[in-house]
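One chain, subunit A, links the two complexes that follow: it is found with subunit B in the first and with subunit C in the second.
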Partner chain A sequence: MALTRALSRTLHITALGIATLVIATVSAVPAYSDTSDKRIALSNNYAGNAWRQEMLSAWRTQTSRAVKIGTVAAADAFTIGENRPTDQAAQIQNLILQGYDAIVIDAASTTALNGAVQEACDAGVVVVSFDGIVTAPCAWKVVNDFRQWGREEVEYMAKRFPEGANLLEVRGLPGTFVDDDLHQGIVDELKKHPQLHLVSSVEGDWAQDVTQQAVAGVLPSLPKIDGVLNQGGEAYGAAQAFRASDRKMPVIILSNAQDELAWWAQQDRDNGYQSISISNAPGIATVAFWVAQQILDGKEVPKRLTVPLLHIRQQDLDSVLAKTPKGSVADQIFSQADVEKLIAAARDKAVQRSQEASQ
Partner chain B sequence: MNKQLAINKRLAMKKRWVSPRILLPLVSFSVLLIATFALQERAMSYLGLNLLFNLTVPIALATIGQLLVIMVNDIDLSVGAFVSLVACIAATVLVQHPWLGCLILAALVLAYAVIGALIHKLRLPAIVVTLGMSFIWDGLALLILPAPGGTAPTWLRALMTVKPPLVPMAVAAAVLIGLASHLLIIRSGIGTVLRGLGGNVRSVTRAGWNDTLLFALAYGLAGLFGVLAGLTLVGLYTSAGANVASSYTLLTIAGVILGGGEFVGGKVSPIGAVLGALTLSLAGSLLAFMHLSPDWQIGAQGAVLIAVLAARLLFNRHGASSNAIAQEATA
Partner chain C sequence: MSSLISRPWLWAWLASAVVFALSVALSGAGQAGGLLYAALSFGAFAAIVGIGQMLVVTLGPGNIDLSIPAAMTLSGTLALKAMGGEPGTALLGLGVALLVGMGVGGVNFALIRLLRLPPIIATLAASLIYQSLAIWSNRGLRIKPPVALADFATGRSLGIPNVALIAIVLAIVVWVLLERGVWGRWLLATGQNARAARLAGVPVESVRAGAYLSVAVLAAVSGYLLASFSGGAALNMGQQYLLLSIAVVVIGGTSIAGGFSNVPGLWGAALFMFLVVSMLNAYGFDAGARMMLTGVIIIAIVIAANARRSRS
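Up next is the complex of A and B:
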C-alpha cells in the first residue's frame, strides 16, 4: 500500500517534470505566434475626398481577403462623424474597450490623440499611425517621405530646364507637417540648382478651386512662368488658371488624381505635353494594416517606416488611367509580401545606421 | 381625515426620497450603463470605467459652468470657445511661464464676471453677448495657438492619469464634481440666493442683495468651471487647438437639460447635470458598441435627449396630478 502510494507520487512528480519541460520547450520556440485570432481596427478621421475614399476601399479589399483566408480574425474600419480630435480620442478609447488587438490610425491631430494612444498602449494594444500620424512614442508611424517628393519635383525641373527657369510654387494646407516637409524638400533642392528661380508661392490648400483662384490672382504680377511645383491635388486648378490667361502652359508637376491624369493624357495627345506624376498612394493604409499584423505576429518592426511615393511615368499613363475610375485617384496596393520586404529594408537600414554611428 | 393623512404622508415621503428632478437622469443613466455593460463586459472594470468616462470629466465641468448661467435665466453660447481658449493657454503659456498663465486664467474668470454684470446692468440679451464673446475667445485662442499643438503641463497630465485605489479617476472626479457643485449651488447660503435670481430677481434685491454683484458672481463661477474644464481637457488630450472644445456649447446645454434643469426659474440640479453629461457620452459609446455608423450617432444622441425630455414631461404631468389630488383632499 505504502509502496503504491510512493510509486504514484513519483509518477506524479515525473509527469509534472515532463509537463514543465514541455512548457519550457514550447516557450523557447522563437517568437512565432499565429494572428488568426487577432482583431485589427481602423480609426479614420475623415472620408470626404477622393483620396480618403480610395484609401478606405484599398483597406477593404486587402483586409477582407486577409479575414477570409484567416490571417486575422477581423479588420473593421471606423470613420468618425466629424473631423474632430476629441471625437477620435473617444472612438479610440471605445475601440480599446471592444478588445481590438491593434488599432490603425489616420489621425485628426498629431498631438491631441496622444492621451488616448497612451491609454491603448498601456492596455497592451498595438497602435500604428499612417498618413496623419501621432507623435506618441509608443505608436508606430508609417509615413511617406514628403521631403523626397519636394526634392524630386525640383530635380525634374532642373532636368527639363538646364538653362534656367522661373518656377511657381503652390503650397498645401498651412500648418500641416505635410506642407512643411514638402516645402522644405523644395527649398533644399533649389539650393543645388541656382539656375532655377522660385518667383512666387501661393496657397492652394490641396484643392482645385482654391488653387485656381490663387494662381489667377497672382499671375498678372509675374514674369514668364516655366514650371509649377505643387503638392498634389492642385495641378488641374493651376492649369485652368493658366488656360484662362493667354500665357503658355508651363510644365506642371501632376499627382495621382484622375482628372489631372486625364488632362495630362489629353495635353499629351494634343501637343505632346511632358511632365511627371508624383503622389502618396492611398494604399499606404494597407501598409499600416500589414505592419500591425506583423507586429502582432511577433516580428520586429522599426517604429518609423517610410513608404515609397507613387510615380506614374508618361509611358504608363494610359494603362493607369484605364484602371482609375472617374473622380478617384490612382493607387498602389501593398500585399503582405511587399510590406515584409519594406520592413526588412528598413531594418537593414537601421542596423547600418547604428553600425555607422558606432564606428 | 385618515385618507388625507395617508396622502400627506405619501407626499412627504416622496419629497424626502429622491425628487423627480434627479430621479430621471439617474434612471436614464442607469439604463444606458446597464445596456453598455451587457454589450461590452470589458467596460465593467477599473480600466473600462476609466476609458468610458475619463473624456467626460472636462464636459462635466463645463456643464456645471453652463448650469450656473442657465440658473440665472441666461444661456452661454461661448462655453466651447472659452474652454478651447483656456486649453490653448494651458498648453502654451502655463507650461512656459506658470505664473503668467495663472494670471491670465484669473483674468479670464474676472472677464466672465464682468460680462455677467454688464449683461444684467445694461439689460443685454445673454444669448447675443455670449455668442459675440465666443468669436473673441476664438480669436484669442488662434492668436495664442495658430495651429493645433502645445504640450500639457506635467502636473496636469499626472493629475488626469492618476490611478487611485479602488475607484478609477473618471468616476472619482465625476462624484467629486457632482458633490462639490451640489454643496455650492443647492446647500450653501449664497447658492440658494443665486438660484433665487433665476426665480425672482426683484424679491432677492428687496431682501437687500446687490443683484449686479450676484450676477457677476454667477458668471464668475461659470468662468471658473470653464477654466477647470479647459485645464482637465489639456491634461487628457496632451495638447490643444483653437476649436478643440467646439462641441461643448451644445453638449453642455443638453447635459443641463438632460440632468433635470429648466431654462427658466432657477430650477437646476448639479448632480443631475453631471449625470446628464455622463449619459450623453455613454450614449456615444453605446452606439459605437452596437456598431452603429457614426453618421447616425449625432442623431441618435438627439433621440436619447428627446426620449428623456418626453419622459420628464410625463413625470411632471403625473406630479401635477398628484398635487391636485392632495389639494382636493385638503379642501
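Up next is the complex of A and C:
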C-alpha cells in the first residue's frame, strides 16, 4: 500500500518535468508531510491486568487500521517480560537501533528511563509517554488528571451527603505518582467540605483481593461508613468486604471494570443503588499513538496533553455494559480527529494562559 | 514452664494475641468477633500456601518455591475459565486446579532435578511461564465463580469461615504426616542432613519431588479458593502471597535452615500477619510507617523465637 502510494507520487512528480522536480521535492516536503513511511513502536512495561490487556487491544485495533490505510508504515507493540525499568531501557535502545521514527512508552519508572529516552531524542526519535510517564523534558507526556479524579469523588460525596458522612479511602500502590496525586485531590477537596469525615485510609494496591482483605480487617474498628473513595479497580473488593460484615452497603465510587459495572447494575435493579463511575480509559494509548503521528506529521503539539477521564453515568450504564466484554474494562478509543481536537484545545488553552500571563 | 517458653510456635501465637488485644482495645469488645472472623478467613489463604512453603523450606538450605503467586493465578484463572460461572461445576474447577498444581510442581521439580538448576532460579523462571500462560489463557478477563461455590467460599459452618476449616484440616493432615508419618520423618531427615539420610536409605529425591509437588498443589488449591472467595480470578491475585508464604514459615518457628517444621506456629503466624496490618490500619498509620513497623515487628518475633530456641 505504502509502496503504491510512493510509486504514484514518483510518477506524478516525473510528469511535472525534471526542471520542476528539484523545486518540487524541496518545497513539497512540508506540504506533503506524509507519515506513510513512518514507523511507530509501543514500549509497554506490563501486561498483567485487564486494563493493560484492553490498552494493548485498543492500540492494536486503532493502529492496524492506520497501517492498513497507509497513515503510518508500522505500529508494533512490544511488552517486556517483567515490570523492570532496566529491561525497558534496554528495549528502548533496541527500538532506536531498529530505526523506529517514534517510540510511545508506558513507562516502568518516571525517572529511570530518562537516559534511554534522552538517547532516543538525540537520535531524532520522537518519544511520547502516556499512563506511566517519563520526566525527561524532550518527551511528550499524555496524561490523565488524577487530582481532578480525586476531587470529583469527594464532590460527588458532598452532593450525596449534604448533611455529612463518614468516608473510607482505599488507596492504590504506595509510592506511585498516581496514588499520590489522587490522594492529594481527595485531601484538597475534603477541605472544602467540613461535613465529610475521612475516618480511615487503607491500602488496596489496585487489586480486588488486597482491598477486600484490608477493608475487612479495618471495618471492625470503624464507625458507620457512608461512602468509599477509591482509585479504580478496588470497588468490588470493598463491596465484598462490606457484604461479609452485615453492614449497610455504602456508596462506593466505581471504576470502568465490567464486573464492577455489572454489580452496580444489579444493585440498582435490586434496591436502586446510586453511584458514579470514574476511570482512566485504557484508550489513552490511542491518544499517544496519534500524538506521535501528528508530531511526525510536523504538527505543533504541546509537551503535556491532558486526556479527559472516562465517566459512566447511571443512565448510560446499560448501554456501556452491553458493549463491554465480560470481565474486561469499559473503554474509550480516540480517533485521529478526536486527538486533533484535543491538541487544538490544549494549544488554545496554552495561548490563552500565556496571554493572561503577559497582561 | 521452660519447656513451654522454648516452643518456637509460642511466639507467633503470643504476638497474634497482643496485636488482637490492641485492635480490640481501639474498636471495643463488641467488634472482637468480627475481627477474629476476618482474620480466620484471610489467614486461611496464607496458611495453605505457608504449609506448602514450609515443606519445601524443611528440605534444607536453598530450597524454596518462588512460583507460588504464579501457580495461584494460573490455577484460579484456568479453574474459573473451565467452570465459566455455570452451576454444578465446582468439582470440575477443583479438578482443573489440582491438575494445574501437579503440572506446576512436576515442571518445577523437573527443572531442579534434570537441569540441576538451583530452586530459586528454577521456580522464579518457571513462574514467568505460568504467569504468561495465565495472561494468554484469558487475556486478563475476570470470570465470576459459580454462585454456589462463591457462597461456600465466603460462607461459614459452626461460626467458622469455610475456607478456614479447609485450611485447618489441611494443617492437621500435614502435622500428623510430619509427626507420625514415614514420609514426614524422611522429609525432616533429608532437611537435617541429606547425605546422611541418603546413606540411611531414605529415598531423598522422591521426598524432594513430593515436597515440590505438595507446595504447588497447595498453591493451586489456595488460588482456586481465593478466586472463588474474591469474586473472580485476577492476574495480580497471588502477588502478596510470595512474601507472605515465606513470612508465615519463618515467624511460625520453622527453621529456615531446614530440618524442622512447625505447623501450629504457622497458623499463629498467618493470623498475626493479617491482624498486624489491620491494627496498624485501624490506628491510622500511613503506608510507609505501616510497612516499616510490620518489618520491625517481624524481625523482633523471629529474634525472640530463635533466641529462646538456642538457649534451651
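As a working rule, the second predicted complex is superposed on the first by the 327 of 359 C-alpha atoms of A that agree within 3 Å, B and C clash if a C-alpha of one lies under 4 Å from a C-alpha of the other, contacts with A are read in each partner's own complex, and residues count from 1 in each chain.
Just so it is clear, a residue touches a chain if its C-beta (ideal position, glycine included) is under 8 Å from a C-beta of that chain, and two chains touch if they have at least 3 such contacts.
Not measured: the values here are computed from a predicted model.
Once the complexes are laid over each other on subunit A, subunit B and subunit C both fit without any clash. In the superposed model, A:114 makes contact with subunit B only, not with subunit C.
With both structures placed on the common chain, the touch criterion links A:123 to subunit B but leaves subunit C unconnected.
In the superposition on chain A, A:218 makes contact with subunit C only, not with subunit B.
In the superposed model, A:81 makes contact with both subunit B and subunit C. Judged by the touch definition given at the top, the superposed model places A:90 against subunit B, while subunit C stays out of reach. When both complexes are overlaid on chain A, the residue A:39 reaches neither subunit B nor subunit C. Shared-chain residue A:151: touches no atom of subunit B or subunit C. Of the two partner chains, subunit B is the only one touched by A:98; subunit C is not.
Of the two partner chains, subunit C is the only one that A:200 touches; subunit B does not reach it.
In the superposed model, more residues of subunit A are touched by C than by the other of subunit B and subunit C. Fitting both structures onto chain A leaves subunit B and subunit C with a minimum C-alpha separation of 7 Å. Common to the subunit B-facing and subunit C-facing surfaces of subunit A are residues 81-82, 174-175.
If you check the complex, the residues on subunit A that touch subunit C are 47-50, 52-54, 57, 81-82, 171, 174-175, 200-203, 205-210, 212-214, 216-222, 236-237, 240, 243-245, 257-259, 325-328. Interface residues of subunit A facing subunit B in the complex, by the touch rule stated above, are 78-82, 84-87, 89-91, 93-94, 96-99, 109-116, 118-119, 123, 174-175. Those residues of subunit C whose C-beta lies close enough to touch subunit A in the complex are 23, 26-27, 31-32, 34-35, 38-39, 41-42, 128, 131, 135, 138-144, 154, 226, 229-232, 234-237, 239-240, 274-275, 277-278, 281-282, 284, 286-288, 290-291. Contact residues on subunit B toward subunit A in their complex (touch as defined above): 40, 42-43, 47-48, 51-52, 54-55, 146-151, 160-161, 236-241, 243-247, 281, 284-285, 288-289, 294-295, 297-298.
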